[in-house]
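Think of it as A, B, C, D and E in the order they're written, each chain with its own count starting at 1.
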Amino acid sequence: MTLQVEIKHQLGGLSLKVGFEAAGGITAIFGRSGTGKTTVINAVAGLLRPDAGRVSLGGDVFVDTASGRFVPPAKRRLGYVFQDARLFPHLTVRDNLTFGARYAPPGAQGAGLDDVVALLGLAPLMARRPGTLSGGEKQRVAIGRALLSRPRMLLMDEPLASLDAPRKQEILPYLERLRDGPLNLPILYVSHAVDEVARLADRLVLLQDGEVQAQGPLYDVMADPAAVPLLGVREAGAVIEAEVIAHADDGLSTLRISAGTLELPGVQADIGARVRLRVLAQDVILSLSRPEGLSSVNVLPVRVETVHPGGGPGAAIGLRAGKDRVLARVTARAVAEMQLAPGLDCYAILKATTVAPGSIGR
Amino acid sequence: MTLQVEIKHQLGGLSLKVGFEAAGGITAIFGRSGTGKTTVINAVAGLLRPDAGRVSLGGDVFVDTASGRFVPPAKRRLGYVFQDARLFPHLTVRDNLTFGARYAPPGAQGAGLDDVVALLGLAPLMARRPGTLSGGEKQRVAIGRALLSRPRMLLMDEPLASLDAPRKQEILPYLERLRDGPLNLPILYVSHAVDEVARLADRLVLLQDGEVQAQGPLYDVMADPAAVPLLGVREAGAVIEAEVIAHADDGLSTLRISAGTLELPGVQADIGARVRLRVLAQDVILSLSRPEGLSSVNVLPVRVETVHPGGGPGAAIGLRAGKDRVLARVTARAVAEMQLAPGLDCYAILKATTVAPGSIGR
Amino acid sequence: AAQSPPVTVFAAASLRGALDDLAAQYGAPVTVSFAGSGTLARQVAAGAPADLVVLANPAWMDWLAEQDVSFAGPTRSIASNRLVVISHQEIEPLNDISALPVKLDTGRLAMGHRDAVPAGAYARQWLQSIDLWNRLEPQLAETDNVRSALALVARGAAPFGIVYATDAMAETRVHTVFDVPANLHDPILYPAAALSAGGQAFLEYLASPAAQVVFAAHGFAEAPE
Amino acid sequence: MTADSAAWEALRLSLWVAGWATVLAVPLALWVAWILARKSFWGKSLLNAVVHLPLVLPPVVTGYLLLISFSPNAPMGQALSAMGLQLAFHWTGAVLAAIVMGFPLMVRAMRLAIEAVDPKLEEAAETLGAGRISVFARVTLPLIGPGILAGAVMGFAKAMGEFGATITFVANIPGQTQTLPGAIWAALQIPGGEGQAVTMVLMASAVAVAAVLLSEVLARRVSARIAAK
Amino acid sequence: MTADSAAWEALRLSLWVAGWATVLAVPLALWVAWILARKSFWGKSLLNAVVHLPLVLPPVVTGYLLLISFSPNAPMGQALSAMGLQLAFHWTGAVLAAIVMGFPLMVRAMRLAIEAVDPKLEEAAETLGAGRISVFARVTLPLIGPGILAGAVMGFAKAMGEFGATITFVANIPGQTQTLPGAIWAALQIPGGEGQAVTMVLMASAVAVAAVLLSEVLARRVSARIAAK
């Protein structure tokens, strides 16, 4: 099911002019504060009528200003997790959660109440009303409410912003399961947390001043040095695909990538499964010789493809590792000392523990 | 100026029983959703009358249930940045910002309007009303409003949750300057982002189910293996103090720590200044021999002090580097292969680029 | 009475018309505050700035005389009135009033409230005396003053009504179909009392033959001494 | 009929009339309030002014206008009469008068409540699949509960106290259309009738106090549920 | 005085009385509304019921009670008179009657508005250093602007239409205490006086329409500023 968005809208001083596609999986919208992310989502949800343009999901045209078509929000069946929770103050948590269930068509598939309550830790809150919930509790109820309306697509506007890290670590895999499970629920996801986006998203849409700056598969956009200012220096890094080939007793798993094997802890996938690894540029060390006696067990032979000096003292090194592309961030001095240049063969050391469980997906 | 909090309060099912001190600098309150963080701040601000206890700042007793004393919020002069922005909908951004100025005593020191507007990027919004602001814009105005009331202390409840990374990178140094500048403004700071807390906080108070689980200087609490579940595996790591001794032309600076020197990019401090470095446990690689030919230029001789197996396949290794303590996270297999045990001398490789500018403070 | 001082008169509403004309003819400015008799009596008792009070109900004047009010002279009735039965449609006068219920059919008989409005109280006395009360009571439309009853008939909301002869005379849209014999109810009198010399002067003017001509023109009769 | 039983009879009728007026007017007032709060259309200002009119005009005039419209010989009155609904000189007309006179109060209270509802909550309900009617029934309506209650109690109180329009439209016939205000007024028109009037004023006051108390209790229950938003 | 000039005179007096009543009642009603919305104290229910009482009682009774309390020979009336304030049979009394009769309407509108204000905003103002009065003046008051306006327009409209209490308390003296409703009623006392009454009804209606329109324009300006919260 593909979401196609092509809209123009004038909002105060902001001229929004956005076109993108979100086919299956999770499409992240990323951009600075006030850049138009919520406005775009509102247009998809039907809470905003764009001045001009077209929005469609699968075969259904939601908006087409050319033909005057406009499907009201209630008919779109999109589960919207708002930036502000917007819980119904007069209803208990339970009634908030089940509010949308009755409007779903009889056959609609979707999450079950018990699962969602367990996932979000809402059991002790069910009889309470939103007025007394804490910030994070409200946000969790809002997520649950959207999930339980059995939508055809999820729109999530900074859904995890006020949640603690452990709770995020519980919710993220669930969203991955929604994306990958039988429902194959497409998700449009706004977040300022690059690690969330990098972990979850299949596609990335970078917005700036109401316009799309870059869009495409996560790999490409994340590795695009031009995106670094928006993503943040610490967060840039490549994503590579791997196949799980063995689980050892000590908890380490062996994964095959095109350039060799890696030993990683905490891999939950079955043997034979293909998983996604995120390798932060700053977690890659380059060495001219194969290093010995290191605690790090993951060493890959790589070839330098590009050397992209950053604005400051660092440089982004584009590496080819087998068929995959890896990004390394090193100091300019190291570039000079190691004479890093396109074509140079060297070794990339990936620390085993840098690839946290959270950054493995699909 | 020391904030002393000692309160008991029953809130629905939650029995809050909290005692802590926040002397100068930034005290972070950290804990899972619904654990009582906002409630504690409300008690400090005077928006909640605790069932029992005492709250004082410097010599001023705000609350003392024993003597029946209760100073109303308006008299406490605490700048509160609320979890929900709570802007005044009928006032322009400018009038929101300047709302509190007139209540400060004539001589009160504090931030100037122009500085705050520039810092928070509010110039284009000054004539707008909150109704049309984006989520992040609201939050920025809320921060500015609290700063401009010239408070004696700042209370910040997840102030940066919905801000983009570049904006955070602008605001964080400002908060550091407030903490360190002539005002020496104490800040009570709630955040779920460990990197923010680790960067900013001088003290950490870990809350769980309404009670203080651990508290103390950031170093100690952050390196406490027991805190790892709350902080998140990826975020644990030590903090060490360093002195800036040279800035090279290529942007790298040389810093002295008790165990030797480090070369780091992007250090803003003057020569001779003492700065604070955050070294993530996962960014430390251990090697039995001094490594050669690495892109990483920072290698420190260390001695293993403790080996603390984690819940999963990893282990936390406490290291002594000169007078400092460093934490390394390695796989259990590496522990076995390298025969890591207390007393072992080895080398710690710190990647130059892992210590990002943002994690240097004071 | 060329040099008389201005006067304020508190007068019963059913005197409107006649009193307006008389005020215009008087040699000094006359301001009239019209209201129901009960209201007037209470206001005067409460110290209203009235020079003269004219009520449509001797009972209220008796009540007023017992209050702590000092009159400038004796009370006297300045006019009297008669009851008539009126109809909306122009029909033959009813020679036999016992035909009224039949003529009324399912319609309403408009009259002042049986207790609260003097005209209503007189009408009830009369209807009781001729044994029609019980028959007609369910079909009454009792109003807050006699002019409202008149208006009901004038608009046709009620086919018949019992009002003062003065009202019937002033309203062209009603027809008098029966004159109520004056001996079948208490005498209908308008007692007046002055509260100041100016009021007394105007009262004397009202009792004068010149004024009585105006009263007569509005259908009032002279009050018996 | 003794004076006392007349008072009780008037009280009974007043309660009956006020009850019916409240029950009938609430949905209508809610609808008008909703339109005024949420819609914009040509003639909205006019509608608004018309709703306020019974407040500005002396009650007698309103009663008189009702009489002209619904008297047995007016076309509308005849049409309704043919349908079995008699208004003029009937308690049903007293209900109509009470509705008309209380309408501005009810509409205003409800409108203020509707305007205080955050439309973002209604939007949220829409995204969850709720159509207009569901949104109104499940979100708007419960949120404006206190306003509806306030409107209802104002309407009820006004219906209990309405005198001028009622007496003009349905007259003041003991046992048929004499409500408590009519009876009180009548008592005051008789010298020495104050004693009886005082009794009835106390009755009316007791009803008012009871209604207000009840509405406060209900409102507190409703808003305690919503609590601090 | 011709019938026409009497009508204009009554209109002028009505506007004068209603204007004063509105101006004087707004602050008082606001205060009572605030107390009812925000405070809890012994006797609150009683206060609430008393505020509603003029709605429940026939206006004549309210007027009569005013007359008893403030008549020239009642102690309170004498005290006020000594201070130079005459109420009974004066336009000032008409103002008082209009205030009393319109009070429940004003209080209710303002109270609903106050109850809709999020106390969290007031808390925020407190943390910024604003004391109680500042919080009220700079946060609460602007936020309840539309409610105050609604209350004021209701009070004004009621003051324009008040008849029963006014005629009972201050009589119906042309040029002195005869407001538009009194003049309309007086006109209806002349057989065939409807024509003159109609003129005055149209006058009153025009004022009502103008007041309502004005208040809507003002309210729109106020709430456009606040916009979607």
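The criterion applied here is as follows: a contact is a pair of C-beta atoms (placed from the backbone, for glycine too) under 8 Å apart; a residue touches a chain by one contact, two chains touch by 3 or more.
Everything numeric in this text was worked out from a predicted model, so none of it was measured.
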Chains shared as neighbours by subunit C and subunit E?
-> D
Give me the chains shared as neighbours by subunit B and subunit E.
-> none
Please name the chain that ends up farthest from subunit B once chain centres are defined by their CA atoms averaged.
-> C
Where the centre means the average of the CA atoms, what chain is farthest from subunit E?
-> A
Give, as an integer number of Å, the spacing between the C-alpha centres of subunit B and subunit A.
-> 26
So what's the Cα centroid distance for subunit A and subunit D, whole Å?
-> 57
Here the gap between subunit D and subunit E, centre to centre from mean Cα coordinates and rounded to Å, is 20
How many angstrom between the C-alpha centroids of subunit C and subunit A?
-> 91
Numbers and ranges of subunit B residues touching at least 2 other chains | 84, 132
Tell me, which residues of subunit D touch at least two other chains?
-> 64, 120, 185, 188, 228-229
Would you please write down the residue numbers of subunit C that are in contact with two or more other chains?
-> 151
Which chains touch which?
-> A-B, A-D, B-E, C-D, C-E, D-E
Residues of subunit C touching subunit D in the complex = 36-38, 41, 59-60, 62-63, 107-108, 110, 113-117, 138, 140-144, 148, 151-152, 155-157
Partner subunit C, residues of subunit E touching it in the complex = 60, 64, 67-68, 71-74, 77, 88-89, 167-168, 171-178, 186, 188-192
In the complex formed with subunit D, which residues of subunit A make contact?
-> 45-47, 72-74, 76-80, 82, 84, 86, 88-91, 99-100, 102-104, 129-132, 145-146, 149
Within the complex, which stretch of subunit D touches subunit A?
-> 120-121, 123-132, 134-135, 138-139, 142-143, 145, 225-229
Subunit A touches which residues of subunit B in the complex?
-> 12-13, 31-34, 37-38, 83-84, 124, 128, 132-137, 139-140, 157-158, 161-167, 169, 192, 194, 229-235, 248, 250-252, 263, 265-266, 282-283, 285-289, 291-297, 312-314, 328-334, 336, 338, 349, 351-354, 356, 358
